[in-house]
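What follows is a structure written as structure tokens; I'll ask about it next.
Labels run A, B, C and D following the written order; every chain starts at residue 1.
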């Protein structure tokens, strides 16, 4: 018996296996539904520009940035993951920088953290630079003294810790409904899909991509007065994106379906 | 200088410290707001009876039991904890057995698990036998394919793992609104406050107590068809409370304020 | 059938159950074996004194203190826990203050953190004020560039984070064997066993106790140059115990058996 | 100001940043030092063959397999990671299957789990199919009743849980020193470096590679009587690799330096 007469192990991702059912990542589409706390802020435009690869520029609003906390539930096309809440939920924190590609406003995500391994690896496949962190945010509850809910005067909080160090904290005190969602949550994300070389024959994968998204839903968006602190406990590159000014905060729920990627350049 | 001329270190709980601010547990009242998935089921009444201490009997409905998943947000009187979502949230799984004290219907909690240390210790102060577990449950989301919300046909799931072993799984497929909350969530809990002896001079603390609760709020209660599995991976005493029949499932949000305890016997 | 004719549920601790096998905590003796990184330091004696209850004074060396990182393996008398490494291991960080009871040198532990729930609750039974933290320390490895082992020039590191905030960091660069173990690791610990009141009829349990320890074993103790930082991210009482001077560091392994408690006062 | 006049963000891996210091993964070489518990076992050779891609066959000993628990400490060339034990340690569980490439005996790793994100992503760069799990194993301690150490009669245990379900358990009761290390720990690993496509223009990365390893060190290898259980809680492909026979167990420490990869085919 030789292995070469057998089918090749398969899968959308590692681990490859005879039937493909062992793959850590299921193929897209992936459905996401989440609760979001978002704070607009401004960074030094020069610092922001240094995070943009060739093909992107700072666009119409240099220095626009945002910090986003989100608590997600997700599933693949079959919806099977929803039956095991131990695997279909994750939290996320990301920074966004306003930018432009060939005149089209987009958002660049220089840093992202999640608390589960599947979205981390799925992020790398798309080019989102997800690392591991502990993200906590106020959960809306419809009843009780301890239950915040979207209404004037209510406060929502978020925090990110990485390797046991507090990296970010934000809060939003709601004042009323917003006319529209925050800009950086409405433009497409542009990522660098990057996979390092390993053997001398390899070239790294390096592609400028955006995501094909459908099924976008927003609840009414609440707006408020925000605070945001990024602590200088990581490297200097991260520290360069600290707020120089803090804008409005937002609280809303959001859903989308991620269908796949589209190449912008390489 | 001698320590004896100084004030005694103080605090509601350990750690005691000069000003009392180091205590792990803040004094009651404690406010709770949570999302609940609950499944009524029936156990062998003989098995249930063996979990009741003197002073309690099985009451009007021998063998009535329930499994409860809850995701809580909590705060002390000041509300200060709400500013740090890393500390004001926890998940809980508990079993309840219907019982009666001097003719008053109550519920006994033979087993409980939480995922955070503060509610674990706070539980022991009240007599709730909380241990550590990983509890996950469907989170209601108002939008999206991946976002369950209370409506006919929607499914809610919960799971408990302890030390890396799956202990319980439940699901509820909603059919409509219930006329009233599930019985075992409306009667008072009766606990045995128990603190072991340590020195030869000690007697263990052992008291039959109930809790003084105010500020109870329910959202509309959804009802549905339920499933419940308790896996035989713990000890035989736990296994004796496995379902002999599974009843209705419920999904609702709930809030209460825990004011303190009341002695029923010792 | 009435519950009152049945045996009372039993157990060394909660949860009480028909046979007692559900108790979270097994009765002593408890055997411990661990790897220790310890740093002697000095605190303001006035600050230390404020942590001492009546009956204790600062003793022969006011201001003596230590920070201790330990990675433990433990078992009950039967040794059964050793078969499941998911439950028989924990890490610990504690502060110690030198003190004296009726002229006998002892050590007071004002703060302690562990990363597992069983040692947390077991600590409260003894009066150790254990809370939950993430403790990491260099693990001795006998081979490799990445494997520190006790030898001159080797560095051992420890860190404590609580709720995602870095609280303590220490390092020791070994210089040679010590003549004897660090003093605060050789004197008995004196704790306040404290369990809050809950009902109006309750008095809190409050006893000054020490522990009965047998089976003490030390490996050779390595000594070196130490660093220690306590970050001001908790309350002011904790901050008052920050180092005013840093002494020697130590690396060793240690074992003991904890047999029970002895009452010193109440 | 346009971004195109600025240097491209760089890094060995995502996140790319202006200076490259934000990369989650540092470039090789990577030094590893670990404690290993390993159990030889046999699988159905037909099942094993289905996990081999073209270019590999079952080699000289069809059905040879092993389960490996390891607790690692690691660092990059600078050794900087060793100063933060919160980031330089991880645990690992993997299965190995004996195979052959062009007549050279090698080992194939169909499944691997680690408890930290950096080794997970680093694994994917090399083609190791690492997922996230909770791995626990007996830690050797030189003293105490609760401290196992390599010696006849001592028992070492390991367990793997994934998403709160127990997946694997092993134990080894030592009988004496082995003449040599277990075979599957001495042959090179052969991986499929696989990175999914994302845009319509992409081809997945798919390469057969082996690793360039230097600095191999073994402590004396202890041998003993082993047990191994793989529980059927994952998919059928994993279940097909369950033991049909269990061989010897081994306990040892091991170090290596991973220098990079070598292409065997694509």
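We take it that a contact is a pair of C-beta atoms (placed from the backbone, for glycine too) under 8 Å apart; a residue touches a chain by one contact, two chains touch by 3 or more.
Predicted, not measured: the structure shown is a model, and the values here were computed from it.
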item	value
Pair joined by the larger number of C-beta contacts - A-B, A-D	A-D
Far-end chain from chain B, centres as C-alpha averages	D
Chain centre separation in whole Å, for chain C relative to chain A (CA means)	40
Computed distance of Cα centres, chain D from chain A, in Å	29
Distance between chain centroids, defined by C-alpha means - chain A, chain B (Å)	34
Numbers and ranges of chain A residues touching at least 2 other chains	84, 86, 134, 136, 159, 161, 163-164
Partner chain D, residues of chain A touching it in the complex	1-4, 6-9, 11-19, 21-22, 24-25, 45-46, 49-58, 62, 84, 86-87, 99, 110-112, 116-117, 120-121, 124-132, 163-164, 192-196, 198-202, 205, 207, 209, 234-238, 240, 260-263
Chain D contact footprint on chain B (complex, rising order)	134, 136, 159, 161, 163-166, 233
Residue numbers on chain C that touch chain D, as the complex places them	31-35, 71-75, 79, 82-86, 88-89, 134, 136-139, 141-148, 155, 157-159, 161, 171, 215, 217-219, 253-257
